[in-house]
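Chain nomenclature is as follows: A, B and C, assigned in order of appearance, with residue numbering initiated at 1 for each chain independently.
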Amino acid sequence: MDIFANLAHGFAVALSPINLLMCLIGALVGTLVGVLPGIGTIATVAMLLPITFGLPPVGALIMLAGIYYGAQYGGSTTSILVNIPGEATSVVTAIDGHQMARQGRAGPALAIAAIGSFFAGCVATVLIAVLGAPLTKLALAFGPAEYFSLMVLGLIFAVVLAKGSVLKAIAMIVFGLLLSMVGSDIETGASRMAFNIPELADGLGFATVAMGVFGFAEIIRNLDAGAEMSRDLVQQKITGLMPTKKDLIDSTPAILRGTVLGSILGILPGGGATIASFGAYTLEKKLARDPSRFGRGAIEGVAGPESANNAAAQTSFIPLLTLGIPPNAVMALMVGAMTIHGIVPGPQVMQKQPDLVWGMIASMWIGNLMLIIINLPLVGIWVRLLRVPYRLMFPSIVIFCAIGIYSVNNAPVDVILAGVFGLVGYWLIKHDFEPAPLLLGMVLGPLMEENLRRALLISRGDWSVFLTRPLSAVLLAVAAGLLVLTVLPSLRSKRDEVFTESEN
Amino acid sequence: MTSIRTLTSGACAVALASLCIFTAPAKAQTYPTRSITMIVPFAAGGPTDVVARIVTGHMAQTLGQSVIIENVVGAGGTTATTRAARAANDGYTLITGHMGTHAASVPLYPKLAYHPEKDFEPIALLAGTPILILARKDFPPKDLNEFVTYVKANAEKVNAAHAGVGSVSHVSCELLHSILDVKPVSVPFSGTGPAMNALVGGQVDYMCDQIVNAVPQINAGTIKAYAIATPQRNPSLPNVPTTAEAGLPKFQAQAWNAMFAPKGTSAAIVASLNAAASKALDDETVKKRLLELGSVIPTAAERTPEALATLVKNEIAKWTPVLKPAT
Amino acid sequence: MADTMGHSATATRNTRLALGFCLLAIAPQIFELIWSIGTIFGWGAGRGPGTVLTSHVTALLAGAPSAIFGSFGGGTKKMSSEVLLALIYTYPLLVVAILTLFMTVRSAQDYVGGVVLMAVALFALWAGSDLQGMRGFSFGAGTAPRMFSGLLVALSAAIALTGLLTDGPAMAHYSWRGPLFVVAAILFFALAIRPLGVVVTAFISFMIAATGSQETRWREAVIVGACLTLGCAILFPYVLGLPMPMLPRFLIQ
C-alpha cells in the first residue's frame, strides 16, 4: 500500500535527530505556553517564527506544529488548576476540571486530560494519513449557510452546559454575542460600539475577556472574607495523583466519543475546534445517567472535551496539507513559515513536498508520545503547586496574566480591559451568572453573524437557503432537537417550583 | 536550542547595548548606534511581513545593527501606522507600509489619525506584488473578454469575494468594478485563507487577489486565472496574460510594500537607510526569495525616496475616487 | 402585608435599590463628565466639562421630552447623541427605578442582576444607534448589534421578573479590598509596562496585588515577588522572545 510507504518515509524524516529535537522543543515550548495564562498559541508561534528562518523547513514546521498541539496539552493544566482557560477550546475543561481540583482530585483530572489528548492525537494522526484527501471535501462543502447553522448548534451547546438557570445561560450567551459585536463591521468596515478607542477597532480579544471573567474574577472572589476556609480545604484534601480504575472506566467512552467528534469538526476551518470541545461536553452531559454531576467535578466532563480539542487540533491540519489553505490563524502563520522557506503550499503540496507533509504527520504522532511522557510526571509537580499558600499564589497569577495579555498585542489597553472584565466577572459570580456561555457566545458571535450575512448576500436575501441546503438543514434540525430536549425539562421544573411556592 | 539561541543573542544584545552606552559619545555621528525597530502592520507570516523580514535581514548586515520586527495588527494596518507616525523621528522606528496603509486608507477611513504624505518620510519601495483576476474553476467565461461580457450581463447574479474591507483584494476588486461600471454583490471574508477556501469550494464566483496565495491553486487547477494586472507577464505564471494583452488595459493594479520613517527624520538617516535597502534588493539571495513570492523588484529609479513620494501621491489619487463612494 | 415591620424593611431596601438604579441611569453621563475633566489638564482631546454638563442636562430635561412629544406630531428630525442616550438608556432605567419602589423583591440577586444586565443592553442599543440598519436584503452594520441588544433587554427583563415572582437568594456580600488592590495592580501594570519595563513593573504590581489580602506576610511577599520578577524577566523576553522592555526607559537612554 502506498500509505505505508508514505508513512514509513515520514517516520524516516521525523526520526532524524534534528527533527526529533525540533519536535521536542516544540512540545516543550507548547506545554509552557499552554500553561502560562494569557499567552496564546498565535502570539507564541508569531514570536518564534523568525527563529525558524535559520532552520531547515521541515524542522521548522515540525517545531511550530509541536507548539500548536503542545499548547492544547498545557492549556488544560491552567484551566484545571486555577480556572483560567487560555484558549476557547479549554473553557469547558475549566468547568468540571477545576471542580475536581477543588475536591482534591486535580491529579486524576490532569492525568485523564493528558491520556485523553494522547489517545485522540494518535487516532487523529492516523486519520490525517489515511483519510486526509477525501475529508477535504467536507471542508469545501461547508459554505456560509452551513457555517451559520453550525454556529447555531454551537450556541445551543452553550445552553446545555449551564449548571443553573437556562434563562440566565441564554442571557449570558446573548451578552457574549453583544460583546463580540464590538469592533469593525466586516462588510462596511464601520466601527461598531468602539467609542473611538483604537485598540477596540478590531474588537475585544478572547484572551482579554477570558482572563478577566475567569482569571481575575476568580482571584477577586477568593480574596473575599470567608473564602479562606474553602481554599485551605482544597489544599488539604489532595488525594491520589493518578486516576483510579473507576475513573478510567468512566472516561473511556467519553474519550472515544470526544475523539470522533473532534476529528470531524476539526476539519472545518474557523471555530471547528471550539465547537468540538463544547459539543463533546454537551454530548457527555446528555448521555450521562445523572447529568446533575456535570459542573460538580465529573471526570467525563474533562475527558470528552480534552480528547475532542486535541483531535480537532490535529485534524485541522488537513485543509492545510491537502488544499494549502490555512484554516485558522496559527496555520496561517505556518503558511508564512513555509513561504519564507520558498514553499508556497497548495493542493499539490502532498506530491511536491512529501518530506514535509509526511514528516509532519509522523512527527505529530511522535510529538504526542513526547507530550504524554512530559505531562504525566508533571502532574505531580502541578498538584504540588496547589499547596503554595494562596497569599503568594494570587499575586503571581495576576502578574502572569497581565504579562500574557500584554504580550498578545503589546497593548496596555488590553490589560486595563481585562481588569474591567475582572470586575464584570466578579459581579457575574455574585449574581450567579456563568461565564462559560458568555465566552462561547463571544467566540461564535462574529462567525455566526459573518456567515449569516455572507449566506444572505449570496442567496440575495432568501432565508430558505438554511433549509434547502441539506447539510445546513441537518445541523439546524439537530440544534432544534437539542434545544427542545434542554428547555422542556427545565421549564417543567421551573413551573413546578412556581406552583409549589404559590400553594404555600 | 531555541532558548539557548535567543539567550545568547539576548546576552549579545545586552553586551552590545552596554558597549553602546560607553562608546556612544565617541561615535555619536554614525547612525545607527542601537537596534532599529521595524513595525510591520500585519501578522507575522503575511505577505508584507515576509517581504519586510527578507529585506531587513540583509539591511541589518549593511547597517551593522539588528533590526527588530514588531508586528502590530489591527484595523487594516492603520493602528500600527498611527503608532509609527507618532514615534520619535530619530530613525530607530520605521514601518513597512503597503498600498492599503499608505494610500487606500485615505478614502477608506475618514477618521484616519495620520496622512501618508504629511506624516511620513518615504525611504524606499521594496517590492510590488501583482494582482490577478481569479475565478472558480467551473465559472463559465473562458477568457478575460468573456469574463467582462459575462459579468456585465449578469451583474445581478455573480458574487465577488474579498478578504475584508481595506484588504488588497477588496480595493483591487473595487477598481475592477469601477472600470467595468458594474456593482455585483461583494461577499466579505475574514482574510485571504477563508476567501480562497470559498473560491476553491465554488461558494463564490470570482475575486482579485495577490499572486502569492494563488499560484499553487492555479497550477493545480482548483481555480483559474483570467489575467495579471501588471504591464509584464510574471515568471511564476508564464501562461497567464496581462490585462493589456487580454483586452482590459485600464485595469492596472499592484500591491506594493515600501519603507517609511516618521516625518522629520533627518535626510542623512533616510539616505543611509535607502542605500541599505537598495543594496539588499540587489543581493542575489534576497532577489531570489522575493521572486519566488511572485514579487516584482523595483528598478533603481523606482527605489529613491522621491520616487516613493510620487508613488504614494499617485496611488492616493488613484484609489480615492474608486473607494470614496464604496464606503 | 400584615407584618408592618417586614414591610418597612423591604421599603427601605427598595428605596436604596431605586436610588441605585437612578444612579446607574445617569452613570454614562457622569462618566463622560469625569473623563472630560482631563481635557482641562490637556489630556486627550474632547469636549470640556462645561459643554458636557450643559449638553447632557439640556438633553435630559428638555431635548428628550420634546423629542418624545415631537414624535407624536410626526416630526422626524435627527436627534443628537445626548438626546438619544437619554431616550434609549436613561429614561427606561428611571422608569424601572420608579417601578422598583412599588415592587416586592423576592430575590434581590436575580432582580438586580436582571436590571443591571438590562442597563448594559440598553447602553449597547444606544452605542449601536448610529449604525446603519438593513439595506435591502443585506444586513447593515447595525442590524446584528441591535438584534442582540433587543434580545438581551427582553431576557434580562425576564430575569428581573423571576426575581420578583420567585423566592431566591438575596444580594451577595461584596468586599472592597480584594477587587480594589487587584484592579489597582492590573492598572499599574498597564500604565507602567511601557515606560518602566518588566522588572520594575512586575515587582511593584506584585506588591500592590499582595496588599489585597489580609493574610499577606510582607517579608515573604517581598522575597517571592523578587524571585517571580527575576523569573519573568528571564522567561518572557528571552525564552519566549516577547518584545518587551526590561528596564525603565530613562535608564536605557
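Observations on the model:
The criterion applied here is as follows: contacts are C-beta pairs under 8 Å (C-beta built on N, C-alpha and C of every residue); 3 or more make two chains touch, one makes a residue touch a chain.
Please read these numbers as outputs of a predicted model, since none were measured by experiment.
Ranked by how close its mean Cα position lies to the mean of all protein Cα atoms, the top chain is A. Of all the chains, the one whose CA centre sits at the greatest distance from that of subunit C is B.
Inter-chain centre distance (subunit A to subunit B, centres taken as mean C-alpha positions): 33 Å. If each chain is reduced to the centroid of its CA atoms, subunit A and subunit C end up 28 Å from each other.
Distance between subunit B and subunit C, defined via averaged C-alpha coordinates, is recorded as 40 Å. Contacts with at least two other chains are made by residues 29, 47-48, 51, 185, 187-188, 410, 453, 457, 460 of subunit A.
Across the assembly, subunit C contributes 138, 239, 241, 243 as residues in contact with two or more other chains. Shared interface positions of subunit B, defined as residues touching 2 or more other chains, are 6, 70, 185. Subunit B makes touch with subunit A in their complex at residues 1-2, 5-6, 43-46, 49-50, 53-54, 57, 69-76, 78-79, 82, 108-109, 111, 113, 159, 164-166, 185, 187-191, 193-194, 196-198, 200-204, 212-213, 215-217, 219-220, 222, 289, 292-293, 327.
Here subunit A touches subunit B in the complex through residues 21, 25, 29, 45-51, 53, 63, 139-144, 184-189, 196, 198-199, 201-202, 269-270, 319, 323-327, 329, 331-337, 339-340, 342, 344-349, 409-410, 446, 450, 453-454, 457-458, 460, going by the rule given at the top. Across the complex, subunit A is touched by residues 109-110, 112-113, 116-117, 120-121, 124, 127-128, 131-132, 136-142, 144-145, 148-149, 151-152, 155-156, 158-159, 162, 165-167, 169, 171-175, 177-179, 182-183, 185-187, 189-191, 193-194, 198, 202, 205-207, 209-210, 212-213, 215-217, 220-221, 224-225, 228, 232, 236, 239-244 of subunit C.
Looking at the complex, you find that subunit A touches subunit C at residues 29, 32-33, 39, 43-44, 47-48, 51, 165, 167-168, 170-171, 174-175, 177-178, 181, 185, 187-188, 190, 192-193, 195, 216, 219-225, 228, 389-392, 394-396, 398-400, 402-403, 406-407, 410, 412-413, 415-416, 418-419, 422-423, 426-427, 430-433, 445, 449, 452-453, 456-457, 460-462, 497-498, 501.
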